[in-house]
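These are the structures in question, set out in turn.
Next come two complexes built around subunit A: one with subunit B, the other with subunit C.
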Partner chain A sequence: MALQSLDIKARSATTTPSPDVRAAGAIPVAKLIDISKCIGCKACQAACMEWNDLRDTIGENVGVYDNPADLSAESWTVMRFSEVEVEQGRLEWLIRKDGCMHCANPGCLKACPSPGAIVQYSNGIVDFHEENCIGCGYCITGCPFNIPRLSKKDNKAYKCTLCSDRVAVGLEPACVKTCPTGAIVFGSKVDMIHHAEGRITDLKERGFQNAGLYDPQGVGGTHVMYVLQHADQPQLYAGLPNDPSISPMVAIWKGITKPLMNFGLGMAVLAGLFHFVTQGPNEAKEEEEEKQ
Partner chain B sequence: MSQGKLIERYNASERANHWLVAISFILAALSGLALFHPAFFWLTNLFGSGTWARILHPFIGALMFLLFIVMALRFWKHNRITDADRQWAKHMTEILQNKAKDLPEIGKYNLGQKYLFWALLTTITLMLISGIVIWQPWFAPLFPIPLLRIAVLVHALSAFVAILCLIVHVYASYWTRGSIRAMTRGTVTAAWAKHHHPAWFREVMNKNR
Partner chain C sequence: MTNHWVDIKNADLIIIMGGNAAEAHPCGFKWVTEAKAHRGAKLVVVDPRFNRSAAVSDFYAPIRPGTDIAFLGGVINYLLSNNKIHEEYVKNYTNAPYLVREDFTFEEGLFSGYDADKRKYNRDTWDYALGTDGYVQIDESLQNPRCVFQLMMQHYSRYTPETVSQVCGTPKEAFLKVAEMIGETSRPDKVMTILYALGWTQHSTGSQNIRSMAMIQLLLGNIGRVGGGVNALRGHSNVQGITDMNLVSGVMPGYLRLAADEEQDFQGFLAKRALKPLRPNQMSYWQNFPKFWVSLAKTFYGNAATKENDFAYQWFPKYDKPYDVLQMFERMHNGEMNGFICQGFNPLAAVPCLQKVSAALSKLKYLVVIDPLSTETAEFWRDHGELNEVDASKIQTEVFRLPANCFVEETGSYTNSGRVLQWHWGAANGPGESKGDVEIIAGIFNKLRTMYKQDGGTFPDPILNLTWSYAIPDAPSPEELAQEFSGKALADVVDPKDPTKVLAKAGEQLASFAHLRDDGSTSSGNWLYCGSWSQAGNLMARRDTSDPSGLGFYPSWGFAWPANRRVLYNRANCDVAGKPWDPSRKTIAWNGSKWVGFDVPDMRPDAAPDEDVGPFIMHPDGVGHLFALKGMADGPFPEHYEPFETPLGVNPMHPKNPLVTSNPASRLFAYDKAQLGKADKFPYVATTYRLTEHYHYWTKNVLINSILQPSQFIEMDEELAKEKGIANGDTVKVTSNRGFIRAVAMVTKRLRTLDVDGKKVHTIGIPIHWGFIGVAKKGFLANRLTPFVGDATAHTPEFKAFLVNIEKA
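Our next item is the complex of A and B:
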């Protein structure tokens, strides 16, 4: 359950306020991943496995560096390697550490039907509480980044917790702790944006005119941000979405249809009741019966 | 009140079929509503837990589809919409006020019942298709996520229409006195048949002659 130092801002499938009395003291946190500094060593993946006690099954080499090939219930972060030529003849190897972005407006939480299976802490971390997870996979439909994975072992959904257990006691996430080049840093969101600005200025001086911060506003901003050399083309980075937002299908499904359907069904029942008490039963007439 | 003559409307097999559909529909609706809106999440307790409701719901739904299709094939031929039905619909207000007179001769089902038949056939089929697409963990991983998003919406909207149909169906059978026995005991009174379904009544009488 939630640690006391991590108060809850939002809770899945809950229509009453979440306990957030102490929220005033919570500082929004962020992890900043500077892709220009990443060397693809996968130490972050190893640290994530270590801290979270995850051991994915050993996969097969398919001729690329991505290993494991995709996120899974046991691999909460993976490095995605993209070879691109933004300028003709100048190969760039873009390595993006993929994982949960911890959206300020999380689609997974919006879609989840089970009370308290997904929570958003006051500091911005979005966490899955698997003991409440029912295994429906709605979080997968809700997520604009294709992050949550259902475990084949227990049919519960898993993803990066941003090491909420470490953050709660004042430590940085395991991947941040281990990153040998300082490509991953962690702190308050304000500080991380400030840090990113310095990096972006530096990158621009080095000729990356479109360097920028990836903090997509379509999901209200994220608590995992990227410094991109080519911020005008996020899709270069293994298909990072250009302008992610919660799908309109999910927004309708989890928005207007919910109150509308409850109202509609309730009204149908009431309409029947009041039709009966005002109009009375529909009976075959006595005289017709007597004719038989 | 004179008992009058009784006419068979549904045989034992049709009645059993109907109630199997009814039970599975209600169980599917209760577990489905539980996963649709937090206000109904407590209904998962009827199935053991949230996880059990999630596991059972699609199996119950698939069973309901099969049972419903068997029933639909049996009732299909009585549900073709005729000119008499369209004429009957023009008297809707009077019918709802119990003041209807000189109605066109209605067969085994009136237009309301026929619409119910077609609406349920459509929505239950849509729910089966969309339900397979979102069925975790068996089938959902086979489909792309954008399709899952369409399927969840189609599933919810179809369920809404189907549950509305159920409410109307239950009420109409209660409102129209003498109808429920058709599905519990299989028979209706001749007066009921003559009043509500005169064309069907004549057909049955001619056959029995």
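Our next item is the complex of A and C:
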């Protein structure tokens, strides 16, 4: 139990059952990002850095407003700016806050071979526990949104925690608290869907006929959702996947490869034991120890 | 702001023009999103660039930099020709029916009284036609050809949609769409607000840009209204406070106009400012000028300011000319200044034409920089390669750096754009030897005074007699200063109607500027702030979130000047009979015997509607000015003039008169005239601006901001990029006639090629935040490019429209 107030619902590479004693269970939470209200001020990025004690390197401008240019182990959220003309002659500047979507069926967790490196809390938050991370990068393959990043410093994978530490004690995520226009809101998933409905009605009245909620069912829905002006074309928003799903590679790994590998691992242990029994422990020679 | 931040949520239509609220005021912008979400308000953005505000707008129209008056003149013409005006409001609350002198003229782009040699107007003819009774003559039918309404109609008839499109490059349909949306708010139950900032002020026609919109808001009946007004979004948490406390050299705190050299007579000085009513029954509130001035003089000189010495009138400075920042650096450049104390200011980055500023600073004997951080100005003498190429061995200026506390380390009041004074408390002590600004200035003053005392000097009286009764003379406390600017009774102040009634006892803090007296019995360092620290205590520190109106007035949060009034001219929120135009947005109303409501009435409380007391009480005629009289240096009606560096070379409104290509009343120094570039060598329009990620030249010292926007770039349109063989992300060199910068090119659809008068005009966007100090990637100060010329009235430099060339570096 990493956090007293949050039960873990699923744990990577673990077969022991999850805790199930607490009566009410946690209410599934969600962060709703209303792109039609977002002004791309990056206050959420700054708040994320502040709360999580992250400082990425000072980069270079490469001809876009996106800075840092991509997610990294030190940048768990970035704004992605897209200039599009959905209607001829009507320019739109779509600004999407990118980061972990906290899938109900998290591909990262499914792909992770290290016990307890990735967990899903009962409120839906998917969290990385880096102390258990072995740096294999399978979570990256498993993620349909291309979110986790391996750190060059410690070779562990990092991503947005949805401020699980804040949420656990009844606070909203740092990005939500700081957002000046109310483009990011947080609450129970049910409430957030309801809030989104109001926003979508407003957008339709303003001429965005295809306004809608992005809560993709291919990953079982997400605990970070978007209100999109053009929900029929998510890819307009810096390549947001139209219909994300977990890579078949992860299914293969879980379905066939894993038992094979478990078998291999077991054999390796057996071989080791056999070696120990037949050869005895590997003792260092005295001279070598002196040298050290 | 005539209104205030929260009030934006009460608007039906929000225009952002001459500013970029989402980019530069992201926190205040929340009220725009509130209006959209809860009132279904529409947001319109007019800007050279499709910017962050445009990203969340309902409609965007492009415009060529420096042509806002043409656009707004077109709107005025549209409103007048389509009868989209609020007629009752215009007839009763503006000077539309007032007759203007017969000899006022406008011909070939010039108003009457122009002196081409001095580049100045004699403004005598810009006045009303007075009757024999001394009052203005009026024509309520608005038909008299000499009435303001008719003159205005005639003046703006030239600004047809076709002309607007031809001058501004705005597609005609886009212009008409905006004009139509604006016109809808002429209905009494619809209100529009306008949010602007430096995108309007930083032009050689800056003041008139704003006036144009003020005229539109008057025609629509949107001033004094909840959700309306003309709203300047100030660029700093306390720049409104600085302005109120006499940032501008020609005024004393509270906008009390300083005396000119020729005004040696005290009574004459007062009389000229205590304007008599121009219509019967008008309040003409500046009649109280002597009370405000004498109270100010008592704050400065205490017992030494007596009736006998005209309350120390001769100790106050008299000006020979305006001492705006351009004038200051012109003098410095001419070697007419020895020393410069530079407090919280980075002129090398912030005053146009870096080369001139650098040369000017090099001529000083000493420069004192008071700042929490190192600045480019403090290091102007140090060679930073091509970013600041100077030879330190040839610069003799001695630079003193006095480390100041930063704002979070200081206690005091902030006045925000909405005129709300809020007390704040220092969150930490400053590092090292840093001191508060007050302490630094007090230390300098006390040393100077001691020197005057010991050694004498020319005219020591104003220094020696200054009241300085602070508990610790070298460190006046913010509380002492706040009580001083609010004001107190020096003798008992009694009710003039009932002398037995004491309004304030001697020694008490005053509750209101209504209690100020011109006999020396009161003191107040700024009449507008009077009452902010009353006997009830520090009202600026109030944090009560109750809002009885439901309209976001929060009357017990902080203190709004004047008199804790949240919306100025709020009498105009009601019709002539005193009923709110829109009952759902009620502030004050006439209850049969007095004005009451949710806000402090901007009106004499017992002025019955049938007394016809106009809502614009500061004006001697009580009405809003469509015709500005003598207030502006460049004309009573705004007229389009090209920026001083124009891509067209002529003013398309007056192609035959070269005198009026650019603002004929703007001051232009000889040195700077020679520095102006022409379109043959510098064919592209450039405009400078700010980005959300940074604050001026400060935050390049901050790691997080620098991560979010690390290095210098410029923006350009796709067509020009293609023409010039520039790809997105290439390094380019942008050159004006004054210098160059090198930066990464951001090629974007958000800037577009405009068709102006049959000519293609490209705009280069230049964010300003980089320099040679700080943790962000080093860059060029953008004002290596900008011209040293400013607005005719306010002298604000023209940072928003000039000419450059661009090439791949």
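Some observations on this one:
The definition used in the following text is that the second predicted complex is superposed on the first by the 251 of 292 C-alpha atoms of A that agree within 3 Å, B and C clash if a C-alpha of one lies under 4 Å from a C-alpha of the other, contacts with A are read in each partner's own complex, and residues count from 1 in each chain.
Throughout what follows, contacts are C-beta pairs under 8 Å (C-beta built on N, C-alpha and C of every residue); 3 or more make two chains touch, one makes a residue touch a chain.
If you're wondering where the values come from, they're calculated on a predicted model, not measured in any experiment.
In the overlay built on the shared chain, the residue A:32 is in contact with neither subunit B nor subunit C. When the shared chain is aligned, no partner comes close enough to touch A:192: not subunit B, not subunit C. By the document's definition of touching, neither partner reaches A:139: not subunit B, not subunit C.
Contacts of A:162 after superposition on the shared chain: neither subunit B nor subunit C is touched.
In the superposition on chain A, contact of A:67 is made with subunit C only, not with subunit B.
Look at A:92: by the touch rule set out above, it reaches subunit C but stays clear of subunit B. Shared interface residues of subunit A, touching subunit B in one complex and subunit C in the other, do not exist. Contact residues on subunit A toward subunit C in their complex (touch as defined above): 36-43, 45-46, 49-50, 55-65, 67-68, 83, 85, 91-95, 180-183, 199, 202, 205-206. Listing the residues of subunit A that touch subunit B in their complex gives 13-15, 113-115, 132-138, 140-141, 146, 150, 152, 155, 247, 249-250, 252-253, 257-258, 261-262, 264-265, 268-269, 272, 275-276, 279-286, 288-292. Of all the residues in subunit C, the ones that touch subunit A in their complex are 22-23, 26-27, 29-30, 32-34, 36-37, 40, 50, 52-56, 58, 60, 692-693, 703-713, 728-730, 744-750, 775-777. Those residues of subunit B whose C-beta lies close enough to touch subunit A in the complex are 1-2, 4-5, 34-39, 41, 44, 49-51, 53-55, 95-98, 134, 136-137, 140-141, 145-146, 148-150, 152-153, 156-157, 160, 163-164, 167-168, 170-171, 174-178, 189-192, 194-196.
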